[in-house]
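Below, each structure is written out as structure tokens.
Shared chain: chain A. Partners: chain B in the first complex, chain C in the second.
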Partner chain A sequence: MLNRLGPTLTILLLTGPIAFGLAGTVLPALGFLPALDGMKFTLAHLRDLFSEPAILISAGLSLVAGVVTAFLSLLAVMLFVAGFAGTRAFGRVQHLVSPLLSLPHAAAAFALAFLIAPSGMLARLVSPEMTGWERPPDLLIVNDPMGLSMMAGLVVKEIPFLLLMTLAALPQVPLRETRMLTASLGYGRVAGFVLGSWPAIYRQIRLPVFAVIAFASSVVDVAMILGPTRTAPLAARLVTWMNDPDLSMRYLASAGALLQLAVTGLALAFWLGLERLGAALSKRAAIRGWRFNQDALLRAAGLAMMILSAGIVFAGLATLALWSFAGLWQFPDALPASFTLRTWMRMLPSILEPLQTTLLAGLLSTLIASVLAILCLMHEEETGRRPGRGALTLLYLPLLVPQVAFVFGLQLLLIYAGVLATLPALVLAHLVFVMPYAYLSLKEPWYAFDRRYDWIAASLGKGRARRFFSVRLPVMTRAVLTMAAVGFAVSVGLYLPTVLVGAGRLTTVTTEAVALASGGNGRVIGVYAFWQMLLPMMGFAVATFVPALIFRRFRGMQV
Partner chain B sequence: MGEEGLFLDGVKIALGGRVLVELTREVPPGEVLTVMGPSGSGKSSLLAYLAGFLDPAFGASGRAWVDGIEITALPAEERHAGVLFQDPLLFPHMDVAGNLIFALPQSLKSRAARRAQAEAALEGVGLAGMGDRDPATLSGGQKARVALARVLLSAPRMLLLDEPFSKLDMELRQQMRTLVFDKARERGLPVLLVTHDEADAEAAGGEIVRIGS
Partner chain C sequence: MLKRLLAAALACAASFAAHAEEVDPADWDQVLQQAQGQTVYFNAWGGAENINAYIEWAAGELKKRYKVTLKHVKLDDTAHAVATVVAEKAAGRDQGGSVDLVWINGENFAAMKERGLLFSPGWAENLPNWRYVDYENKPTITTDFTIPVEGLASPWGMAQLVFFYDSARMEAAKLPRNADELLAWAEANPGRFSYPQPPDFTGSSFLKQVLLEKADRSVLERPVDEEIFAEATKPLSDYLDALHKVAWRSGRAFPQNYPAMKQLLADGELDIIFAFNPAEASSAIANGELPDTVRSFTFPGGTLANTHFVAIPYNANAKAGALVTANFLISPEAQVRKEDPAYWGDPTVLSMDKLEPDARAAFASIDLGVATLKPEELAPALGEPHPSWMERIEDEWKRRYTAEN
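Coming up: the complex of A and B.
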């Protein structure tokens, strides 16, 4: 009974907020906003939008960020997998990169910022000996007008994501056999992989790649930390309009959100073109029979990009940790002159409330998402029908539609309903984004469960509830807790939905941290970034150690 | 259908319009009906249909009675079909006694009595005192015997055996066959055995049905 409700509820929870949110965004852009007496169709707001200074540059920045981020991240992952799948180095790099997946985007962006800024760790390490800098140079490295540091910040976060998605797709292609075959035909390792295995893998990770494009072309938090400030990317500018106390700015913000939809759509369309180009190029290479057997440099580049991206984030996080404990720390000293707990003590009272909201929103949305994911999977199992391409796209919908474009409209509806900035509204908003990840992370282990255990339990006379709670759930403890850890990490990292639905009254460690970005106070940001890193890590620690502890007597339950 | 034993009445299993098995048979208490066939012949699907967990991709019809009760009308958990697969499938998160106690009917309330029954069942398969062991630490033969003890504790009305001896080595296989068929005879349980091993069929001693050749 209950599990028949699962898919229905999930579809409603995913499509409802997106559909109503989009409507609530698009209608004001065309002049309909009953709360402000806007009842007439007009294109005036779109005209206003295009008379905003440098709006097309903002849009262009977003477009380029979307495509470039996806291209570089995917290239790194592809070259790395091509050159190293099946080697010992592969496993090591995988272990190095995987933890970054749970790190919020904002924390990774701060890490990069405090590493490469003029007063950052890199400059300190080489100054004054190599540079002669006694004071931080006046260089615009972070917040550069072309958005290069912003794209770098996005790339270091999307590489772990795409690597994990690729790893999930790998078992479905005969990697070793293809490599042996292409090698025996004289193809280099990279060429053999790209021509032989990649098309099948790429087909599996296409939706995640689209999600990267959609995210990077509409990112707000990373843009506020690393992006250009004078002419900010489109989504970041939209958020300032959305938060403007002058309510008539909502029309402009809505029109901007419409433009954001178009920009993300354009970025995706451009990518489809790139896909064709890539396919044509590899077909040409295959027909000509180019072997590319001197590919050591390419393989090295793949490895270097992986290690560099992870190294940057870890070094940046270490720098932030130093800052949070730093006493006096003058440029160009590589280490603080003294260490102190003062920042932590001073921050403690003000961080308690955001911390509480982060935990509550994270735990509640994860709990609901977990239950729904399990119900959906039970339903699929019972009916013997796996979700098709359409259902999967639906699941990815919250990750493919730019957040600003529908969360803004959703905010409007929540205002009408009088529930803006309440915990249930925040949980609902988080649920939309937690749900897809929860389902995707549980799917594989759920189907890997040996159903004969369930049949044995049934033949021993146990009903469905008893079978679920006494057999399936305990045996799958680790997988279920891992799903919860993934969901919780997603919730902790959510910036835009939290800012818009929390409306400044409900704040989390992520929204507080991003709000501090412009101040550039390393000590305070260090404390927040530490929490951002710690909370998801705690989730995964629970998922690892709790099952190990409960089932320590049972060897069959160890990994 | 007041009579005792297992009665299959026109049981038919099809996949994609192709009929795999069609069978009408009677299995008296304590006797064995052996269904033989190569893998993919549908013999395991027959067993799954009787136990109540046939994949919905298969089409199945026909009825089956045990001791006068039509089991095909009941959910799996009310059929009292004792199932043994080729893997022992002991629950990995419970110790040996936990696996056995889980199988006992809920009507037996007292914890001490449940514990005692599990202990007695272990003794019955020659594993006295092994209740505290982690199933993962048992040998293949010991696991198979615990699985048998577990099935017998659930008070089954019949036994459905899906190549339960195929993963044991030669010597153990002969021992387990004797043990399983002795227990079934002792308790008067009708047995349906599906296998592709002629020696299994021989040891079972009952009627043999060949399918899918």
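Coming up: the complex of A and C.
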């Protein structure tokens, strides 16, 4: 009975906020906002939007960021998997990259910024000996007008995501057999993979790729940290309008959110074109019989991109850790002149409240999402119907619709309901984003469960509840805890929904860290980035060690 | 029947509330009595740890001495508090408003005064501690951004633009002494000067400093006249066009705020920075954020200065408590602590001549820090232009420089 409610509830929780949120965005853009006496249809706000200075440049930046980020991350993953799937190096790199998945985008962006800035760690390491720089060079690297460092910051975070998605799809293609076949036909390793296995894999990871495009084309936190500041990308400008105390700016913000929707749509359409192009090119290559058997360089490039992306983030995080303990640290010193706990001590009182909110919102949304995911899966299992393509798209909806476009409208509704900046509203907003990840991460292990255990228990006369709690759940402890860790990590990293729904009164470590980003104070950012990194890691630590502890006497349950 | 009862009860409650809220600032004993047990929601910018800690201290003292509970509502922009009061007025909530006291000046004060959103008539000059306030020598206490204060807000602290440099890298003799010399210096040292991107308020203050030096000041004291705006601000835009060519990152990016500039000075990216609080450099040195060779300097011809205030909205719920708080904030004791860079480092609004000897001694014994100019070393204060200028200049900046050119 309860599990029949699962899918319905999930659909309501996912589509409800999005549908209402989109309505709350589109209507004000067209002039309807009863709270401000807006009752007439008008295109004036859209006209206002296009008379904002350089608005098309902002839109263009967002468009390019979406497509380029997805292209580069996918290329790196594809080349790496093509070159190394099944080798020992593959496993090592996978272990190197995977922890980055749980790192919030903002923390990765900080790491990059403190590494590549003119006064950053890289410049410090080689100065003044190799560069002659006694002082940081006057170079515009971070916040560059073309958004290159912003895209780099996005790529290093999307590579682990796409890699994980690809890994999940890999077992479903006969990788070894295809490789043997293509190799026997004289194809190079990369070409053989791209022509033989990739089409089947790509079909599986298409939605995640779309999610990357949607995210990168509408990202706010990374854009605020690394992106251009004069002519900021569209979403970052939108957020300043949304936060403007002048309420009439909400019309402009809504119109901007509508434009954001169009930009993301355009980026996706452009990608569909690229897909066609890619297909045509590979077909042509296949027909011409090009073998590409000299591909050592390509394979090396794939490996290099993977290692580089992970290395950058780890080096940046180490730099931030140093900053958080630094006394005075002047350029070009590679190490601070003195170490002190002062920053940590001083930040402690002010970090407690955001920390508490982060934990509460994360744990509650994860708990609800876990229960719903389990109910959905139980329902699917009982009816024997797996979700089709439509249902999956529905699940991906919160990841495909730009966050600004619907969270802003959702915020308006929450204001009407008088629940803005309350914990339940925040949990609901987080749930929309936690839910898809929770379901997706539990799906495979759930179906991998050997149902004969269930049948045995049933044949011993145990009821459903008993079977679930005494057999299924214990066996699935590891999978369920991993799902919870994934969900919690997603919640910790959420920036925009927290800013808009928390309305500045409920803050998490991520929103606080991004708010402090503008000050460029490495010490304070270091402390916040540490917490951003630590919280998701603690989740995964629980998911690893608790099952190990529980199952220490069960040999069959150990990994 | 039930409805009528309810209406009567509501009317009764409303009249009771109205009665309870009749506060007469001139009758201080009664104010103290009414304030007991009240909770004051103090809407104040919450972006600086030291200031938040200071307000926390004040809350403790108020509780102890007057049984007033002070709650700091941390704002990222004071305009939010103004918007709240505007919204409450629009909704007819003329009593029991959610803002009791607001930290304010400039365009926000002008907006609240103009819309009649402030507790009136003027009350600040009735506060017992007003007798210490130096309104004779500090004109910005009675005139805020050319708007007469008329006792609608009580002064809290003084601010003045001062410049910082690292004496280990620069000679004091070569420091610029006005905006033109600053430009010449920047041309000789490309990439070593910048200012926070407007509408950050430190950045906007820099624009106003240049405007005050280069434009006709009498025009700036009046509200913006659109017909002469372009002409009046031409010296400023010419100045900025020239400056951006030689600014940090060639003017293609700007620091986001003062703390970002401070970091850039520490990193050696910038050579000259500025702040709106003369004690900033000393406290940054004490925190290890700037090297101890950083020193302050000013423009002898005068720099932008203003006063920041606390004001009470017309519909405040705890007016008596707010009055007691405002009075406490200008007590010699609270002001000494505020001027001490160990706590905040914000210059006092009080007059040393009016204080009792022991209070004067307490001020004299404050260690202002190596990098802080003494009050007598500060340049003459230049008054703020009319608030409408700030708004228009920020718009104009956005229009001219938002896009890369």
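The rule is short, and it goes like this: the second predicted complex is superposed on the first by the 559 of 559 C-alpha atoms of A that agree within 3 Å, B and C clash if a C-alpha of one lies under 4 Å from a C-alpha of the other, contacts with A are read in each partner's own complex, and residues count from 1 in each chain.
The definition used in the following text is that contacts are C-beta pairs under 8 Å (C-beta built on N, C-alpha and C of every residue); 3 or more make two chains touch, one makes a residue touch a chain.
These numbers were taken from a predicted model, which means no experiment stands behind them.
After superposition onto chain A, the partners chain B and chain C occupy separate space and fit alongside each other. Legend: residue contacts after superposition of the two complexes on their common chain; A:Asn521 is shown touching chain C, with no touch to chain B. By the touch criterion stated above, A:Trp344 is placed in contact with neither chain B nor chain C.
In the superposed pair of complexes, A:Pro245 makes contact with chain C only, with no contact to chain B. Of the two partner chains placed around the shared chain by superposition, chain C is the only one that A:Gly504 touches, whereas chain B remains out of contact. Taking the C-alpha centre of chain A as the vertex, the lines to the centres of chain B and chain C open to an angle of 140 degrees, rounded to the nearest 10. Contact with neither chain B nor chain C is seen for A:Phe71 once the two complexes are overlaid on the shared chain.
In the superposition on chain A, A:Trp455 contacts chain B only, with no contact to chain C.
Taking chain A as the reference chain, the count of touched residues is higher for C when chain B and chain C are set side by side.
Of the two partner chains, chain C is the only one that A:Pro118 touches; chain B does not reach it. Here's the short version: in the overlay, chain B gets within 52 Å of chain C at its closest Cα pair. Only residues 49, 52, 76-77, 79-80, 82-83, 87, 190-191, 197, 248-250, 252-257, 259-260, 263-264, 266-269, 287-291, 398-399, 401-404 of chain C touch chain A when the two sit together in their complex.
Considering their complex, residues 48, 51-53, 55-57, 75-83, 85, 87, 89, 91-95, 102-103, 105-106, 134-137, 150-151, 154-156, 160 of chain B touch chain A.
Of all the residues in chain A, the ones that touch chain B in their complex are 383-384, 450-464, 467, 470-471, 474-475, 551, 553-557. Taken in their complex, chain A has these residues touching chain C: 53-54, 57, 118-119, 134-136, 138-140, 143-145, 228-231, 245-247, 326-331, 338, 340, 342, 346, 350, 504, 515, 518-523.
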